[in-house]
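Presented sequentially are two complexes of subunit A, the first with subunit B as partner and the second with subunit C.
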Partner chain A sequence: MTKISDYKARLLQRVQKAGGQLDPGAQELLDVAGSDEQIAALIERLANPATPAADQLSALNTLATVSIFSKVLSTRSADLTNALRGLIYSPDGEVRRQALSYLSLRGDEVAQQHLRSELQSGKPESEKSVPTYQAIAMLGMDEKAIDKALLLAIAKNPPDDESLVQAVRHLPADKDTAGVLMAILQDESNPIAARALIPDIVNNVDPSGFAAYAKRKLEEHGADSEIAPFLASGVVNIQPDKNQDQIEETKTLIRSLAPASPNSFLKAAMPLMSDKISSDK
Partner chain B sequence: MAISLRPYGSNSPNSGYIAWTPVPLVVANSAGGTVGTLRLNSRSAAGSVAKVVFLQERSKPPQPEIEVELQAGEERTIFIAGAFQPGARHNGASAEGKDVTVEARWVHDSGTVAASVEIMIRVRRNANELSEKARGDFLFALAKLNGIQVDTDPTPGPGRGIYVSDFVKMHVEGAIGSEHGDSHFLPWHRLYLLDLERQLQAVRPAVTLPYWQFDQAAPNLFTEDFMGAMDEIPRDSRQPGGAIDSGADTPPARFALDNPLSRWQIGDVQGIPRTARFDPQGGEATGLMLPDGRDFRLISQDATLGLGGGVPPDDPEDAKFGTPRLAVSFARMEGSPHGAAHMSFNGRLNNVPVAPEDPLFFLLHCNVDRLWALWQSMFERDDQNDTRTYPYQQAADADPWEIISARQWPWDGGTSQPGSLLPPGTRKENFPKTDLVANFPNNSPRLAQAIDPYANHNPDHYLGFGYDDVPYDHVDPPSA
Partner chain C sequence: MNQAEGPRLDGSLSEQAFAALVDQLRQRGGECGPELVPLLSVSHEVFRGRFASSSVRMRAYAMAACHDIGLPDQAVPYVVEILETSFHPNLVAAAARAVRGMAAPDARLADYLIRSIYNIWQNDQPVSFEAYDVKWPLTGFSTALLEVLDTLAWLGASAHHVIPELETLLSAFSKRFNPRVRASIVHCIETLRSSAADSPKACCCSAPLIESGAVTGEDMDIASIELEDQDGRRFEWHQFFRGKPSVLAFFYATCMNPRKCAQTIYNLANIHKGLLDAGLDGQVRVAAITYDPQRDTPAVLRQYGESKGIRFGADCKMMRVPSQFDGVVDAFDLGVNYIGSQVNDHRVELYLLDRDGKITHAFLRLQADPEHVITELARLASESRGECRRSIP
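Here is the complex of A and B:
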C-alpha cells in the first residue's frame, strides 16, 4: 500500500521545481484588482472624452478582466457604469460594442433602452451602434429586456442572416411564435443555422403539425438533407400528444431511415433506436 | 441474513457511496446469531480496480482486511474508506458506479459470504478521463436540472429548471462581493459546487462533478458528445477575431443531437456561446494577451500549489492561504489560474454575472476547488482556527461576510453583500440535506464548514466528497 506521506512528498518535489510564482502580467492584474487608485484611474480614462479609442479599449478590457476577481471594482460600479454609458455613442465601433456589452451583461437599463430603440427604429444597419444580431444577443442576457413582438418583427424581416439566427435563438416556444417559426423552417432559402434551431422550439407547441411536416420532408428527401437530423431530433423530443398516431408514424419513418443514415441523423434518432431495441427484447 | 453491514450506520440506499475519508461501517449480528470472528475484505468487480480499506478506528492505519469479533445481538463499528492507489485509474476510485463489494465471512467458514454490501468509491474525477457511462450520467443529471426533458418525468422545460432559477442567479452582478475578490472566494465556491453536486446526485446518485484540469489538454472534454466542440480564436485579443466578447458575437458550442446539452437553454435562449483561445483538441488553456500588452497567463498546477510559500528549502510550516493582496499567498490563485482560465474563452464564461450560464463553469470551478484541496492536503491546512488555513478569524479582520464564522449568502436567507439581493429561487436556508454526512444548522453553511471537507482535522466536518488525486490523510501503516 502506497504511503500517503510518500505521495505528498512527491507532489512537493514537483512544486519545488515549478517555483510557485505568478507571471508578471498576472501579478500586475492582481495589483490592479486590489488598488482603488488604479481602478479609479482606469475608469477616469474611460470617462475622459479626450482619451484615444485604443486607450479606452485597453482600459475597458483590463477592467473587464479584473472584474472576475476584484473586490475594489465592485465598490466602484456606479462610476464605471456612468463612464460606460458615456461610451455608448463613441465614434469607435469596438468601444461602443464593448461598452454596451459590459452594461447589458449587468442589466443596465440605459444600455438596454438604447439597444431597443435602435432595433425599433428604421435605421440602416450601418448607422446602428452595434449590428442587429449583437443587439439581440446583448438584450437577451436579461429576459425582461427584449419582448416577443420585437423579436418576431425581426424574424419576419431580418436585415441579415445573423440577425435571423439570433432572433430565432431568442424566441420563446408558444402559439404566437410557432407559425412564424414554422414558416422560417419551411423556407429552404433561410440559413440552416436558423432552421436547425426551430424543431426543438415548435415541436411541443404544435406536436402533430410539426410531426406531419417532418414526415413529409423526410419522405421527400430522406435522411441526407441538412435539416433531416434536426427534424429527427425535434420528433424524438416531442411530448405525448393527443394526436399521437401522427407522431408515431413519423417516429416509425425515422427508425426505418436511421440504419443507413449519416451519423448526425443516427445520433438524433438514437433514443428511438434504444426504444426499438428495448421493445424487441 | 444474520449479519448486516451498514455503511454510515444507515439503511439509506445512498449509504453505499463513500470516498477516501473513513466512514463508519456498522457490523451487526442478530440475536441468536452465530458467535465468532468475522473477516471483512473487499472484492472488486470485473474490470474495476476499486478497493476498500478497513480501519479499527479513524485514527488507525488502513488495512486491506479486518477481523471483527461478534457476540449474538452485538453491533460493532469499524471504518471503511476507498483505497487510494496512485497510478491506478482515477487513483483507485470507482469509474461509474458500485464496483466493489465489502464481504464478511466467518473465520471458521471462510467459503461462505455471511454478508455483503456494494460500494462505490465516489469521488470527483478528471473530466477528460470519464467513462462513457459516467459522462452520460452527468449530462443526464445536468440536463434534468436545466429543465430539459430527458425521461418520462415532467420537468419545467428547457431553461426553466433549478439550474437556472437558483444556480445561475446565485452568481450575478449584485452578489459578486459576497463571492469574490478576497479569501472567502474559495470556501464560498466550495459550498456552491457542493450544493449543485447534491442536486445532481438526487437525480443520479453515482454522479459527481467532474473537473476540467485546465493546465492540461482535454480532448475528450471539448467534443460534441460532452461539453461541446468549439472554434479556436487568437490568444492575443489584439489579433483579428481575438477581441474579448461575452456572447454577443461568439458562436455557440456544437453538440451532438443525442447529447442533452444540445437542448441547453437559459430562459428562452438556446445554446451556449463559447470559443477558446487555445486548441480545444490538443492544447491546455493559457489565458490571454490583453490589448495593453499584458500577458495574463494561466499558471500550471505545480506553480499554483507553490503560491502560498512553504516550498522547500523554505519551511512547509510557513505555507499560508493568505489574501490576494499579499505577495505570497495561496489566495492569489483567484487571479491566475482561476481568472486566467475564465479569460481563456469568449462567451459567457469570461464574465462573472453570466458565467454559470455555461455549465463548463462548474467543471472549471471544480478544478479550482481541487487545487485548493490538494494544497490543503500537502500542507495540512484544514484547521479552521489556524490563520495559515484561513486568515480572517476575528470580526475586525475583514468584511463581515468574509469572517470564518460568517453564514453565507444566499443560504443564510439574508441579502447579498454589498448588492442587497434576496436569495434566488429556493436557496434560502435550503442547502441540500444529507442523512450520511455533515449538515448545516438551518441548512445554512458558514465559511468554517467548507474548510475541512475531508474531515482530516475534525470528523464532524466531513462533507461527503473527494477528489481522485487528493488523498485522505491516513495514519501511515507501520513500515514492513
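Here is the complex of A and C:
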C-alpha cells in the first residue's frame, strides 16, 4: 500500500519538476503568494485612497488569485478585510463590485449589512453599489445572509428581469413563498429564465395543486411551449402525495405528449417513460 | 433597564438605537453592569428577527462594553461560552476585551483564551468597539487575535501556566501568524514571565466558571405536545419522556458551528454508548430535538443522526416538534433565537429529565462531560427502579 508520505513526496517531485516550466506570469503569482512583503504591499495599495482604480483592480485580481493557495495571505486576512471594507464605497463601480464580491464570498458581515441595507433602501438602481441581481447573488452565498421576506419583496416588485431571476433562485420552497412563485410562473410576461426555475421549487409544497396547473397548461399549449419541459420536470420530481390521482393523471398526459414532442420535453419526461417501460414489462 | 422609560427592547429596535443604549450604559459606568447582562443572551427578544451577523455584532458591542463598565459576575458564563465555542472574530474579540473589565485577573480564563486562538486563527479580522458604525478602512485597528493576546498578557501571573501553549504557537505554527501577531505572542510570553517573577504564584481556583448540573425542575405543561421521530412516527411528549429518566439535547442539522450542534450530537452518541456499556440499556432514554422543525424533516434527522453515530432504537430518537415548538422553547427557556423560521443563534444545551419528565440537570453553554451525564442518569435510573418497587404493593 502507498503511504501518505510516499504520495506526498511524489506530488512534491512533480510540482518541483513542473516548477521549472512555469511561465513568468505564473512564477510571479507563486512569488507573491509566498511573500509577506509583497502581499502587504498589495494590501497597502488597496487601502491607499490615492491609488488609481486600475491599480486597485490589478492588486485585487492578484490577491483574489493567490488567495486560493497562499498561506501567507491568510495571515493577512485582517489587513485585507480592512482595506476591502473601505473599497465598498469606491467611486469606481468595478472596484466596488470586486471588493463586495470578495468579502461576501467569505461571509463578511460589513459587506452583507451594506448589501442588505441597499436592497431594503428603495434607492434607484443607478445609485446602488452593485445592481440588485448581483447583490442577491452575493448575499445568497451565505444561506443566513438573506431572508425570505426581503427576497419575496424583490420577487413581487423586481427592478429588472435579472433581479427577478436571482430572487426566485434563492427563495425557499414553503407555504409562504409558493403562492408568489406560482403567480410568477403563471404570468407569461415574466422572463422564462425565472419561470423555468419555479416548477422544481414549488412542486412539493402543494404537489396536487402544481400537478393540476401543469396539466391544464399542457392541455392548452401542448408540449411545444417554452415552459412545457420545465412543467414536465416539476411533475417528474413530485414526491408521493395524498392526492396521488391528480398527479398520476398529469403524468399520463406527459407520457402521451412525449413521443411527438421536442427533444427538451422528451428529455424532461424520460424518467416517466422508463417507469412506463418497466411497468409494461 | 426600565422598559417603560426606554425604547422597546425587541426586534423592532434599530441596531443604532441598540448601540446608543449600550453607549449610555457605558457612560453611566459600573452600576449598569446588571442591566447589560441580559443583552448578552442569544435568546433576548431584541435579537429576534435579525440576521445572524447583525445579532452577533450587537451582542459583541454589548459584550465589549463590559470592558469599560466592569465585567459583572453574571456575564462571565457568556464570556466563557464565546471563547469556547465561537468562530466569530468580532464576538471573540469582544469577549476577550470584556475579561479585562474584571476586578482581578482570573486564572481559569487563560485556557479558554488559548482555545479561542485555535477557533479564530484562520479568520482573524479587524475589530473596533469605539463606535458601532465606523468608517472603513481603519487607520489603526485591533483584531480578534490581538485582543486575545492582550488579555492573556493582562492576566499576568495568573496565566503563567499557558506559556508553553504560547511557545508552541510560535515554534510549531509560526507561519500561521503575520509579523504583528507574532510580535504580540512574544510580548505576551515576556509579560507573563516577568509578572510571574514579580508576584507570588496566583491562587488557581478550581471551581468551574460555568455551573452545570442539578436544577429544581418544575412541571412542564407540554405533555400533550406532538413529536415526530426520524422515521416519521408521531407520538405525544409524555409517551417518550415519562416512565424512564432521559437525556435530551437540542440541535439543528444546518448549524455551521462544529463546536455546537455537531459536537452536541457526537457527544450524545458517546453518552448513549456509555449508558449501554454501563448496563443501562432499557432503563433510560436518549433524545435530540431540533430547533428547526421546518427544515429538519424525519429524513434529515435520520441521515444527520446516522452520520454522527447515533444508534436509533425505541429508547434513542431524534425528533422534531412539528407545530408547537414555541411551547418547548418556553418550557425549557431555550437559548435560541430566529429570523423567520431560521435559527440566527443558539447556545449549547443538554438536559436530564427524571422518570416524571421533570428537568433535574441542565448542562448549558459548554458541552456536557459524558461521565458526569452517565453518572447522573445511572443515579436517576436507580431512583426510578426504587420508586417502581415501592409502588408495587
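In this text, the second predicted complex is superposed on the first by the 261 of 281 C-alpha atoms of A that agree within 3 Å, B and C clash if a C-alpha of one lies under 4 Å from a C-alpha of the other, contacts with A are read in each partner's own complex, and residues count from 1 in each chain.
Everything below uses one rule, namely that a residue touches a chain if its C-beta (ideal position, glycine included) is under 8 Å from a C-beta of that chain, and two chains touch if they have at least 3 such contacts.
Nothing here was measured: the structure is a model prediction, and the numbers come from that model.
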I want to verify the contact counts: of subunit B and subunit C, which reaches more residues of subunit A?
B
Report for A:110: first if it touches subunit B alone, second if subunit C alone, otherwise both or neither.
second
Tell me the contact category for A:4 with respect to subunit B and subunit C: first, second, both or neither.
first
Tell me the contact category for A:218 with respect to subunit B and subunit C: first, second, both or neither.
neither
Looking at A:47 after the superposition, I want to know if it touches subunit B, subunit C, both of them or none. Which is it: first, second, both, neither?
second
Please indicate which partner A:97 is in contact with in the superposed arrangement: first for subunit B, second for subunit C, both, or neither.
first
Using the touch definition from the top, say if A:145 reaches subunit B (first), subunit C (second), both or neither.
second
Just subunit B (first), just subunit C (second), both, or neither: which does A:83 touch?
second
Would you check which partner chain A:71 touches, where first means subunit B only, second means subunit C only, and both and neither mean what they say?
both
Considering only the contact definition stated at the top, list the common interface residues of subunit A for subunit B and subunit C.
71-72, 74-75, 77, 106-107, 143
Once bound in the complex, which stretches of subunit B touch subunit A?
53, 62, 64, 83-86, 149, 158, 173, 176-177, 180-182, 185, 237, 243-249, 256-258, 262-263, 267-271, 273, 287, 290-292, 294-297, 299-300, 302-309, 311-312, 316, 324-325, 332, 334-336, 338-340, 342-343, 350-354, 374, 377-378, 418, 471-474, 476-477
Flag every residue of subunit A that touches subunit C in the complex, lowest number first.
36, 47, 71-72, 74-79, 81-83, 85-86, 88-89, 106-107, 109-110, 112-113, 116, 143-145, 147-149, 174
Would you mind writing out the residues of subunit A in touch with subunit B in their complex?
1-5, 7-8, 11-12, 14-26, 28-30, 33-34, 54, 57-58, 61-62, 64-75, 77, 94, 97-98, 101, 104-107, 130, 134, 137-138, 140-141, 143, 169-173, 197, 200-201, 229-230, 232-233, 237, 239, 264, 267-268, 270-271
Could you pull out which subunit C residues touch subunit A in their complex?
51-54, 56-57, 90, 122-126, 136-138, 141, 143, 145, 175-179, 181, 254, 294, 339-340, 342, 344
